[in-house]
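See the structures that follow.
Below are two complexes that have chain A in common, paired first with chain B and then with chain C.
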Partner chain A sequence: MITINTNSLGKLLESARSAGYRFVAPVRDGTISLFRPVDRIQEIALDLITPVKSPKEYFFSDHECILSYKRSGKSLIELSEPSKEDYAPPTVIFGCRPCDAAGPGIIREVMTWDCDDKFFLDRLESTVIITIACVEADEACYCTSVDMAPDSETGSDILLTPSKDKPGVQQEYLVKAVTEKGSRFIEQTKGWSDGTVNPAPAIEGLKSSMKPTFDAERVRKWLDTSFEDKFWDTATLACISCGTCTYTCPTCHCYDIIDEGNTDGGKRLRNWDACMMELFTLHASGHNPRPTKSNRFRQRLTHKFKYYPDLFNRILCTGCGRCQRYCPTDHALKNLLEQIDKLVSTESQAAEAVDK
Partner chain B sequence: MENIYRPSLMTILNVTWETPDTTTFKLAYQDNAEKDAFFSNYKVGQFGEYSAFGSGESTFCVASPPTRQDHIECTFRAVGKNTKALQAMNENDTIGFRGPYGNYFPIEDWKGKNLLFIAGGIALPPLRAVIWNILDRRSDYGDATIIYGARTVSDLVYKMELDEWHQMPDVNLVTTVDPGGETPDWKGEIGFVPTVLEQAAPAHENTIAIVCGPPIMIRFTFPVLSKLGFRDEQVFTTLENRMKCGLGKCGRCNVGGTYVCKDGPVFRADVLHKLPAEY
Partner chain C sequence: MLGVMVDVSDAETTSTANATFRELSTLQSFAKKLLESGTVKMVIGYSQGYTSDRAMPAFITDPEKASSLIFDKRCFHNLTMYLKTAEIKCAGKIAIVVKGCDAKALNVLLLENQIKRENLVILGLVCIGVGDPTLEKCRICNVNTPPIYDELFGKPVPNKEWTSATFTRVKELEGKSQKELWEFWVNEFNRCIKCYACREVCPICTCTRCITDKNQPQWVPTSPHSMGNFHWNLTRAFHLAGRCIGCDECERSCPADIPLSLVNWKLIKQVFEKYGFIAGMSPDDLPPMSTYVEGEEEEFIK
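Our next item is the complex of A and B:
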């Protein structure tokens, strides 16, 4: 079996960098934490449950050029495109959690739906995802409610299973190459050893203690018939449409296309957008199909737990808990999902009582 | 890998001012291979993304039929940044176009049937593509009736073509303007589209009705059609919702779980009635 210990991570970083990879890992920056290219292993914060920002931007850029145009004559235009070398450099995402590793695979379904978004796919192809299984969770975490677990392999190229119950401490990791790409990366780089390591008992502990807090399938069934339910109006009152939930989400993928420049030359850009914003669906005529906050909240929740699952047979959520953790009004998806689940069980109990 | 967001470059061959704020562009592909690719896919009812470089992209239908393969046309009203920038352009200028996207009117299934077109205001362009498509293959179809209304006489688009359809012995054209929108020499009807439709009372037997207009017109037209005996399966319309990609990825045009850009924009009335009111 392959292992790696904390002391060898520096060697891994060095050899990955000399093999041409940019090494991206969780770091602290002031009051927040995020994924960023690092030069030294000391910069990495391995004790976080998850950084505030997910590594989504390394696959699906928050702001990217998809086309350039230049006037080449009085009425002629010349187009050019960014090169793959520039937008999709070989990258290692090191130290993300299973919930973040699963994100790109979920977005991939949309980006390959009938036609391929090369900007996303090229980046995914040139990235090696190295995940560390969780030994800790907080109250916002709910991966076990959405078919995930603290040690899920989904989306990872390499999964590291820690041996000690505390994250970030000096320790040994059990290494599993999940994909072909992961195996190649292990062969290509240094720092790995042969040996055996016992997984931290905390992982099994988490798996049994983190009971699902709602039944996603039951929620989906309720969503089938509850588009007009009055639940939406009251349940979403606290939302302030700030968009923190979509910004930090590892699976949200709505985008805008805009031009920056003038008639002589400029760029066409793709930027992150959010269904929680009023302008998102506003027609040029002034008509808005989703004019209210509750309409938009319903869209986000129903997209994740019904529309997307109906199309691609999995949930558009990895349970990372960021929307719950960072919502300024403490009013996120998880709360609403639990409320819906409770609503359904109360309704079915009431129906049973009537039957009796 | 191909860049799905890369537009084709199109030369504006001709600019027609339909109304003071509505323009029709006749566009030619600058690249022949791209033109061939377009026409091997294009079916009537589909749409595209049109751009004035520097101002972004806007979604309009293709207003010309696939039976005319030397160019495409689009008709649009200037309402936002990009449509205003497009309208400021002249003949020989270059614009960007991506398409064709979305589904189409199943006109092959309509062979031998009578067709009833009902349009209001700026919503004639998507139907105009169907109208010319079937007129260019006249013997495949039965009677053609067009009921077209606008607020005022100056809001009617395709005035030259309205005259042309009026002259055609095998086209029954009824034009109308809202009360107060007529001019002294107006020879058409005066009244709202649903009322004029009810008066015209076209037969429902072996007929397909294609309706396109502002939401208020659609809302009042559907009940008149069912009163005239049309079943929902005989009625088609085309929806619009704000879009960016046109390809089912940017996440904004969905009506419930139905994506207007992929599952639409053309919907049969019975399918439309099952969708939530999110359009």
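Our next item is the complex of A and C:
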């Protein structure tokens, strides 16, 4: 197996760029952090647990033109679609965490469900995801509760596993090509590898300390029968009904389509939208099937842990923890899931006691 | 005058930095009595968050849970924003824990007929600042002792008075050229992701349907491009002029860390200098931006 050390990451960046790839990586911008195209390896922040924004926007843009129109002559309208070269340039996303790398693969299920979303699929095809396994987690992280792990390969094309259990220090990474695309990339850009020694990976400590905090299958069963449970009203009181959790989430994928323009020309745009917002389900009649924030929070949780698994056999959550980390009121999915799990155990204990 | 008061706050901040709020047990037992006696259906206050170093809003209906109330420098949230939610509106009479800045929001809500005074028991806390380091809004706070309350917890401290010199951060920004200002705000607003956390967390954003949610026609572009972001953030600022009380919850909640407090405090400074008005000091003060007084000068109409 080949390796790369921290000093050679610059060579990796250079080789990728000369092979025609845009090199996107986590960077700090003032007090926030996000994925952004970089020119130099020094710009990259390798010590982040996760940046504030996930790399989702490189597959599913927060706002993109999907069609434009222009009037030509009195009764003719010219339509044009954006070109693939513009919206899906060859891209390397470097320094993803496993939770972020898994996101696009999970969303792919719905993006190919009743029709193929070409914008999403073209970008997925033209992107190589290079993930760095985690050696550090914070209280908000819960990947091990949703069938993931600090070194999950799901969604990655290449996985780098660090040799030291401290983030941001000089590392020797084990390089593993997870997919065919990953192997091709290594072939195409070779010259950056540091040999074939096998340093011991340093992820076992974190892996063994991150115990699952709820049983997703047990939660799913409870959700089957608890749509009207009074739990929702009391447990969601602190939610402020903003879109922070959905917009920072690597798997939320709802969007709105709007037109901006006038009779001479304009654009049809696709913008992110969020089920946490009241307007999301407001009908033209004035009726809103989800008028309260408890209805909306129930929708978000149930979509991720019941509807999506029912349809595609995958939980729509990678445990990245952003919904807790950036929630203005520290009110998050994970904690409701834990409460539900506890509720189920208490209920089943009570039922057992009655049986006896 | 400001300098003297800052010294006092600094001393007080240090003394409470590791200690809990001295009147906490009094607050807890008072809340418990309110619930036990049926005076209120719910107490909204603060409790330990899910994350160990954070506090979170607490909605207490069980008198036994009143002991989970906390108050310390992590209690940033302006809890009065919950008064606009459907869930709380139908909860009956409630008690709410407020710091001075939060109490200002109550005054604005009372003035604008958004809440009923008889449905509220206001538990005012003498607050000498939250955050570590102490937030800028707390450094220049003029309501350490809340301007409205039913029961006060903590020893009242004399409130500072503002002068034009108070708003140092806004003054720094005002020193920039128009071009520099433009570049500054383009850069800041470009990060906006249109999650509307700023609106949702704002106690003063009380419209049942926000202008940005009105789409026939779409007045404010919903796209998170430069124009859409400017349009949204400036529209919101206009609607808050003379009403924003400067709790800066919008800035704290912004996942993109846009310095919205600079917008808020520019408005506050402007209204203070032009009208000598500070929003939220009393539920009876006429708001300058929505009051017509016969005979007032209207020099701008030529």
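The rule is short, and it goes like this: the second predicted complex is superposed on the first by the 342 of 356 C-alpha atoms of A that agree within 3 Å, B and C clash if a C-alpha of one lies under 4 Å from a C-alpha of the other, contacts with A are read in each partner's own complex, and residues count from 1 in each chain.
Criterion: a residue touches a chain if its C-beta (ideal position, glycine included) is under 8 Å from a C-beta of that chain, and two chains touch if they have at least 3 such contacts.
Just so it is clear, the structure is predicted and the values come from calculations on it, not from any experiment.
When the two structures are aligned on the shared chain, A:R290 is found in touch with chain B, with no touch to chain C. In the superposition on chain A, A:E347 contacts neither chain B nor chain C.
Applying the stated contact rule after C-alpha superposition, one finds that A:E217 touches neither chain B nor chain C. After overlaying the two complexes on the shared chain, residue contacts for A:D47 are found with neither chain B nor chain C.
Looking at the shared chain after the overlay, A:G243 reaches chain C, while chain B stays out of its contact range.
In the superposition on chain A, no contact is made by A:E85 with either chain B or chain C. By the document's definition of touching, both partners, chain B and chain C, reach A:D256.
Residue overlap on chain A between its contacts with chain B in one complex and with chain C in the other: 256, 258. The residues of chain B lying in touch with chain A in their complex are 1-7, 9, 11, 51-58, 79-80, 83, 92-94, 96, 215, 240-242, 244-245, 247-252, 254-257, 262, 276, 278-279. Residues 49-52, 54-59, 77, 81-82, 85-88, 191, 193-197, 199-201, 213, 218, 221-225, 228, 249, 252-253, 255-257 of chain C touch chain A in their complex.
Interface residues of chain A facing chain C in the complex, by the touch rule stated above, are 29-32, 52-53, 62-63, 139-140, 233-234, 237-238, 240-244, 246-248, 256, 258, 260, 269, 271-272, 274, 277-279, 291-294, 324, 326, 328-332, 334-335. For chain A in complex with chain B, the touching residues are 66-67, 69, 75-77, 79, 81, 110-111, 113-118, 121-122, 227-228, 253-259, 261-263, 266, 268, 270, 273, 275, 280-285, 287, 289-290, 295, 299, 302-303, 306-307, 310-311.
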